[in-house]
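Got a structure for you, questions after.
Order as written gives the chain letters A, B and C; numbering starts at 1 within each chain.
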Amino acid sequence: MTEPLVVLDHVDKWFGELHVLQDINMSIARGEVVVVIGPSGSGKSTLCRTINRLETIDKGTITLDGKPLPAEGKALAAHRAEVGMVFQSFNLFAHKTILENVTLGPIKVRGTDKAAAEKQARQLLDRVGVGNQADKYPAQLSGGQQQRVAIARALAMEPKVMLFDEPTSALDPEMIKEVLDVMVDLAQGGMTMVVVTHEMGFARTAADRVVFMADGQVVEENTPDEFFSNAQSGRAQDFLSKILKH
Amino acid sequence: MDDIANDPGLVLNAFWVTIQLAVLSGLASLVLGTLLAAMRVGPVAVLARFGTVYVSIVRNTPLLVIFVLVFIAAPTLDLLVKTPFLVKGVIALTIYTSAFVCEAIRAGINSVSLGQAEAARAIGLTFGATMTQVVLPQAFRATVPPLASVLIALAKNTSVAAAFGLAEATARMRGLTNNNADDRWLIFITFAIGYIIIVEIMSAGAISLERRWRVTR
Amino acid sequence: MRIMRTRAAAAAAGVGLALSLAACGEAGTDTATEGGDYEVAENAADNFDDGTKMKELAESGEVTIGVKYDQPGIGFKGATDDIPVGFDPEIGKILAASLGIPVDDITWKETISDNREPFLQEGEVDLVIASYSITDERRAIVGQAGPYYVTGQQLMVPADSDIDSLDDVKGTEVCSVTGSTSLDNIEAEGATPRGFDTYSECVDQVLNGTVDAMTTDGAILLGYVAEHPDDLKVVVDPFSEERYGVGYSKDSPEMCQWISDTINEAYDNGDWESAFKATLGESGVDTPEPPEFDACEA
């Protein structure tokens, strides 16, 4: 755990006039689970998306495993294969079966043969609890099932780090737990994770560190216990008071 | 009507040329149009610019002018002199139709939600694989109705070749009406029915594709 | 010789381009100079019986004649010409003169192959003189008086071509105007027919080597050879017979005898010969013997 896996060094990003990421410095160790919280518009999703370059940055550097992010082309694709991503809106490939969703990456990117990819995919689908849905299409599954498939799809690439961009925000309440259970399981298995979420329960249970962002800046970071019981900044206290009332 | 009655093969052969032109140009246009659409939505600025310029020039040029360029102008520059006429016809029709195919497919691509492409890129697919594996298969579904219109227009546009050395249906019809001034209406109707049959077959194909793809969702 | 030219308006843009590209090879209108002055009959209306179409035209002092605008030597009107020139318009002037109508009072109308019959049937024109070959199919729906000229299909090839008999066209590509009888005939000889919209496009295809030969009425071919004497030649004796007639409406069968009489008179007084010399004769052909008219139905 000496060398950090992901390092963001003086990262800045603008959307036109809007300075959405302001001098972000952050390093994430192997096996660490970082939960990023903050009010909407704080830049937390953007931060998450810069790590696999779905968003470009204007200043600073981001490294994965010591290597800076490639700008374009095959090298970038190779980098993304190392970084798993789970989206708020699942984004399962609508024209492919559940099984095909999970095997596409291994077959097309890793060159795994079809039989091996399917075997691995079925194991992953079993692990996230949707093994019996393998031959259906995404539209035939519930949101919670789809999001668990999306996690399996990302895991199939055997990523070094998993990014979760508000993975439960689009889910009906009764389905949130089934997704969080899978994520807790992953965290306990030693996966390096960056999770943007409003699920404070997950942060308390699974996070090694909580990062609080507001207005494009990292305002405060701490262990979950410290953060939730003893937030330092006014912005964080204000945010927590609003969230925890619900 | 004597000519048609005596030699029904004449009409069938004429439509065979029409069908060859339509099918070959249709396939070539689908390939070229898809490539152009990929250029237009792709990350390489030069290619995107090329695709945009190609579409706007070709769409603003009458098909007849493209035929004139391929059949009349090119040979005066020693180009395409020994190219078979059928191939030249396919070239002219493909140059034209691919611009419309490009736009139909681009509309289809835009109808595929951005998240699909993001998810594909996020698992490490390159731009090419993202297009062929994820975006285009979905775009084609949304594209079936407009593409069918483009290809039906193509089937009828083959008639322009009548004035450029190709003895397709319209050229034969003109010969027949010229020789049988007293039977023009029957000749017109015969050939109109031929075109209607071709277009109806294409429409039926498009409808069945739409239906099949809808079921697999 | 029947020639088609269709798609006139829609083709404007493309043909404009084709013409500018082909400008140097374009058939000049100067091959056909202004024809002879024909003696315009005085008090012509008195020469015709009441109720005849001729009387009606002579009294009105105007006549509308449909001719081709795209056949050098036969009927051609360049972009800058006021009136069409060629052998067919000359025949029209001779007929108008017998009605007492001077050239200035003739209304010329372009007829293409497809609209000759409709124009006559609907009274859009009074006469069609437009390389209008006499056929039984046409005589079933309109009147055709003539022939006033007989020609035949020939081949035009590059000067260095090996083609010098009709047998040689087997397996070659031969162009003419789309839909023309010439194309049917050459196809029957085993050539692949290549139809184009205009003669000038077809000539270009021969000149640049895209096709092996061009075929149509020998008189038209000679006009193009005269323009490119070093590059083109006409080969093969005429292998079809096209008998040009004057078209009129079936509603006025009395016109047949008048057309026949008037043109036969022109045979005798030299008007027909001077009309030929001023037009088709310019390309170097000798003036042929005037053909004998078919009898009009009683």
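In this section, a contact is a pair of C-beta atoms (placed from the backbone, for glycine too) under 8 Å apart; a residue touches a chain by one contact, two chains touch by 3 or more.
Molecules present, by chain and UniProt name: B = Amino acid ABC transporter permease; C = Glutamate ABC transporter substrate-binding protein.
Small disclaimer: the values here were computed from a predicted structure and weren't measured.
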Taking each chain's centre as the mean of its Cα atoms, which chain lies farthest from subunit B? A
Using CA atoms only, can you tell me which chain is the most central one in this structure? B
Between subunit A and subunit C, what's the gap in Å when you average each chain's C-alpha atoms? 82
Roughly how far is subunit A from subunit B, going centre to centre by Cα mean, in whole Å? 45
Computed distance of Cα centres, subunit C from subunit B, in Å: 38
Can you list the residues of subunit C that touch 2 or more other chains? none
Give every residue of subunit B touching subunit A within the complex, in rising order. 43, 113, 115-116, 118-126, 129, 133-134, 137-138, 141, 216-217
Help me check something: in the complex, which residues belonging to subunit A touch subunit B? 52, 54, 72-74, 77-85, 87, 89, 91-95, 104-105, 108-109, 137, 139, 150, 153-154, 156-157
Complex interface listing, subunit B residues touching subunit C: 62, 64-65, 67-69, 71-73, 75-76, 78, 80-82, 85, 162-167, 171, 173-175, 177-183
Within their complex, state which residues of subunit C touch subunit B. 2, 4, 6-7, 10-11, 13-15, 17-18, 21-22, 113-114, 116-117, 135, 137-138, 140-142, 173, 175, 178-181, 183-184, 187, 193-197, 201, 204-205, 208-211
